[in-house]
Amino acid sequence: MTTPAPILVINPNSSESVTTGLSDALADFRAPGRPAIECVTIAEGPLGIITQREVDEAALRVGDLIASRPDCAAYVIACYSQPGLDLARSLTRKPVIGMHDAGVLAAMALADSFGVIAVSPLSIPRHLRLLRRLGVEQRLAAEVPLQGISVADSGHGEESFIQLRHAGESLLAAGAGAIVLGCAGMSGHRLRLEQALGVPVIDPTRAAVATALGLC
Amino acid sequence: MTTPAPILVINPNSSESVTTGLSDALADFRAPGRPAIECVTIAEGPLGIITQREVDEAALRVGDLIASRPDCAAYVIACYSQPGLDLARSLTRKPVIGMHDAGVLAAMALADSFGVIAVSPLSIPRHLRLLRRLGVEQRLAAEVPLQGISVADSGHGEESFIQLRHAGESLLAAGAGAIVLGCAGMSGHRLRLEQALGVPVIDPTRAAVATALGLC
Amino acid sequence: MTTPAPILVINPNSSESVTTGLSDALADFRAPGRPAIECVTIAEGPLGIITQREVDEAALRVGDLIASRPDCAAYVIACYSQPGLDLARSLTRKPVIGMHDAGVLAAMALADSFGVIAVSPLSIPRHLRLLRRLGVEQRLAAEVPLQGISVADSGHGEESFIQLRHAGESLLAAGAGAIVLGCAGMSGHRLRLEQALGVPVIDPTRAAVATALGLC
Amino acid sequence: MTTPAPILVINPNSSESVTTGLSDALADFRAPGRPAIECVTIAEGPLGIITQREVDEAALRVGDLIASRPDCAAYVIACYSQPGLDLARSLTRKPVIGMHDAGVLAAMALADSFGVIAVSPLSIPRHLRLLRRLGVEQRLAAEVPLQGISVADSGHGEESFIQLRHAGESLLAAGAGAIVLGCAGMSGHRLRLEQALGVPVIDPTRAAVATALGLC
Amino acid sequence: MTTPAPILVINPNSSESVTTGLSDALADFRAPGRPAIECVTIAEGPLGIITQREVDEAALRVGDLIASRPDCAAYVIACYSQPGLDLARSLTRKPVIGMHDAGVLAAMALADSFGVIAVSPLSIPRHLRLLRRLGVEQRLAAEVPLQGISVADSGHGEESFIQLRHAGESLLAAGAGAIVLGCAGMSGHRLRLEQALGVPVIDPTRAAVATALGLC
Amino acid sequence: MTTPAPILVINPNSSESVTTGLSDALADFRAPGRPAIECVTIAEGPLGIITQREVDEAALRVGDLIASRPDCAAYVIACYSQPGLDLARSLTRKPVIGMHDAGVLAAMALADSFGVIAVSPLSIPRHLRLLRRLGVEQRLAAEVPLQGISVADSGHGEESFIQLRHAGESLLAAGAGAIVLGCAGMSGHRLRLEQALGVPVIDPTRAAVATALGLC
């Protein structure tokens, strides 16, 4: 009996702790006989992907990594900006799934409209471009940013949780029936936030890996 | 350690063989410690859900079933017409996922545009309404029907495979980068069709269950 | 000379007083030699169609009723949730017109954008689904709900009129050039509201019957 | 008891026979105690409104006529190009309904998608602008023109009927569930065409007058 | 060597000072060997194009003027309401460019979403119709009107500048990345406003002439 | 008197002959006292930008170049794939204009719908993504590719002209009122093609520079 090919989850930044966090959050997808969920850090990447230059530089690294791993069954780009999505799809015929797309599409599978929590006001225009490219901007109820919280802190501590809950409540008031965490860093608060708000709160990386598992 | 709540996959028609087929196609999602994937038949349902009356009657049965199973973590309506989706969502705050929506959204996670294979020309107007309701009709490259193939036969035998392959080739020519099987019956041909066409071919039930697993 | 076939206006709830109100509001459409406007109550229905279950149960009754009345020239479903619209269209080739669709489309025939007054905040998500299905959500200026007013009271008394006027003024401020009454119960206030607001206020049941008469 | 104010149906071209045809086609809307349906010819107009200059010149005449008739309850512009619609709405707060808009919106009240028969290929770009302005171009299944048939002949004789039937069959094949006659001249063939095609065939002038009657 | 044919910029109102202002604002487009930029006043026009009747009357004059000047290479309609655009295009195969369309499209070439400053709240519905006709209403971040400022004053003096700056700041807050001056009169404040706001502020007449020059 | 800052036109590929061709095609925009139109080659670029990797690598080079030239008034990315557009906009507040966007938007300023000629069938999916991102995919009449013609040859010789004319005729038949050349290489045939087809044929680089000149 053959071992199924792994699913490669790519953290385009160089923070090993982020990759560890991702891997932990995906632990329950692992089981004997199932595809391995392999989480990798791109060591040459910056500590966080924030500027557009960082996004564009990451794209090439993501492409190189995917080209070097033809043994995988599917690829997940675990960054909400999805660096290298088009490039990766030009390099392999296997599924390549971006975290933004997967998160938003999972929300649409659950509710009539969705909200997004951004880690910063600066992220919102980029997110709107991604929604427009995906063709689903009409389903967005609203997007609300955190203020003054770093990516690393967005999933830990009371201050960030309070901001997330307030953001979530604004999104509910705007009609959102599901909420997408607009940054991988926030996933540590996902379950608590879901319980506080009473609607599905989506960790886009999990959504992306789940989509990949559905295909394999 | 608690056992995770199961995911309930509802076949709204009364065909046990269809339910068995569904369950087999979901086998790899099952693992120790993971949510059970429980596939149920609605015994009072018709042998197939084809007419709008059958869809509307099924809606109430699906709602009743979901209301009677508060022990589940999520519900999947394993029929492309998604009978009872709104009703179920009015009865529970847990995730309820329709097979059509999940299949189409998975395709959008993989490709710029998607195609759908319908089991019959008569299904197409209903599918277009579902796409419009979902707000993604612009992403549809084309939908192509089989001709003279029953639901039960659509996943078995050479005649149906030949029709599926021809339909898929038409969809590729129309620009589809992923293909959604527009009927649960077709899943038996999924893998072979994917290999013949070279693009992802999506079994919407698997996509729905994967989405549910991503949330749990 | 033959008598023209009647237009059947179906009140899916069991409230005879609602049916009487509907019939009165349609009185001026009746004339010698013109199609009769026959308003019927579905006696097995609930007193009001509020929950999704009530909508879905009503769908089957509406379908049965229409199937039992092949003598009619056209059918109007006089409930803003339009229970049974798809079912009815699968059972007859004659025109079947839903009250929501007719009301919104009449507003679009009169003005660049329209507003809707909902009887309750809970109705709004369902209305948005109906608009999306119809494909005209971009023409909605805004929807504003009443608060704490029952369906039965929404067309009578000062309290409901005051709320309707305030709602209407909000819709005008949002740019609405015509206003749709989002519940059959409101029609008693239609004329007074139109005079207070200075823009067309549409009773969707009248709009639906008018559309039917245009076809016969 | 007061007499209700009339509905003014404006034929912007100078052909009295067209106005007579319109009036005859609206005969069944007339009844004692109901608003009169007054059909008027603009004598200074051209014999047909075909070029854009004719449309734009007609706009001013339509505006003048409406301004001179404040006694009416509503106004219908009985030309598919709707000359003067915005002007009229700037001059009166009473309903002003264009024939194109009313016809298309009536079709949308009846079916999931509609087709249009144009009297000439040259009309199609103008119709598409009207649909885009109305915001419903996505609901158009297709538009098919007649070839070499004059406006006056489009509602009479075998040659035009044969072309209409062929056009209608093409529209059915493209998925149209209702068909709009894209020229007032075609109404003489409406009933026969509806019987031949088995789907609603809409005379937009009747649709516009019906919408007006629904408001009065 | 031949002299290139001129570009005709048409001011549909009869204010010579507006035409002079337009011509001055276009001065830098003029150069030896380049197409002349000829700015003309329609003497029979009103002093300002404000009402819909003025728009519709201007349409015919614009058409006549264009028909009388077949020597030109392209035509710009220098009024935000674009009177006569369709008419002109029916009379010549040469490029005819409306100021609204050119301004909005230039903004879209520069930024993800744009804002519009209207000279009056009354202009906004007309602008929205123009956007819908153009098919780009989804790219509008917001439109904000001035209050109590005449067209002539909108480009001169402190009061109008203060209102423009406040309007612009509201548009930035709504996400606009570029701002379109929704009235030819405002161009006198363009440069100062752009410096105050830090995003491109577009004079639509310049955008239209630039588009014309790009074609010649 | 100060010299106006130049407009920088960036050819992201390393072909000097392409840059020379671009510069020649822009010659008439140059005049004393006007901004210089400076065309630069990115020497490290590939000879052509064809694959997605080439696009993504070019993005960084375009960003670097723009960052190194703060003396310019505006930047034009003279490649239909617009490498580095988002990056450049993150690095400067001055206008950055992509050739695709400018070409398509110029077409929309001229006609109700436009067509695109692609240099290869492989380019079409990328173009559709660009249109969707721009939000104007509904205005596309059709896109038709050349077959077996290189970028370099697409603007020279009879074989490519014949293919361009056939492609253009197909686009006219699909309703296009203006045609966008979907590759910088085609501009050598622009004028001849426009004369053959009788509708505007747009060289997107000229459209982009014209838009930039309108702002300066």
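Per-chain residue numbering starts at 1, and chain names A, B, C, D, E and F are given in the order in which the chains are listed.
What we mean here is this: contacts are C-beta pairs under 8 Å (C-beta built on N, C-alpha and C of every residue); 3 or more make two chains touch, one makes a residue touch a chain.
All values reported here derive from a predicted model rather than from experimental measurement.
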Any chain in contact with subunit B as well as subunit D: C, F
Under the over-half criterion for shared residue numbers, do copies subunit E and subunit F use the same patch or different patches to meet? same
What's the rotation angle, in degrees and to the nearest 5, for a C-alpha fit of subunit D onto subunit F? 120
Dist(centroid_CA(subunit A), centroid_CA(subunit C)) in Å evaluates to 43
Averaging only over C-alpha atoms, locate the centres of subunit B and subunit C and give their separation in whole Å. 34
Separation of mean Cα positions, subunit F and subunit C [Å, integer]: 52
What positions in subunit C touch 2 or more of the other chains? 129, 132, 135, 138
Got a list of which chains touch which? A-B, A-C, A-E, A-F, B-C, B-D, B-F, C-D, C-E, D-E, D-F, E-F
Considering only the defined contacts, which subunit F positions touch subunit B in the complex? 124-125, 128-129, 132, 137
Residues of subunit F defined as touching subunit D within the complex: 112-113, 138, 175, 177
Subunit D contacts subunit C in the complex at 28-29, 31-34, 93, 95-98, 101-102, 105-106, 108-110, 134-136, 138-139, 198-200, 202-203, 206-211, 213-215
Give every residue of subunit D touching subunit E within the complex, in rising order. 51-53, 55-57, 59-60, 63, 84, 86-87, 89-91, 126, 129, 132-133, 135
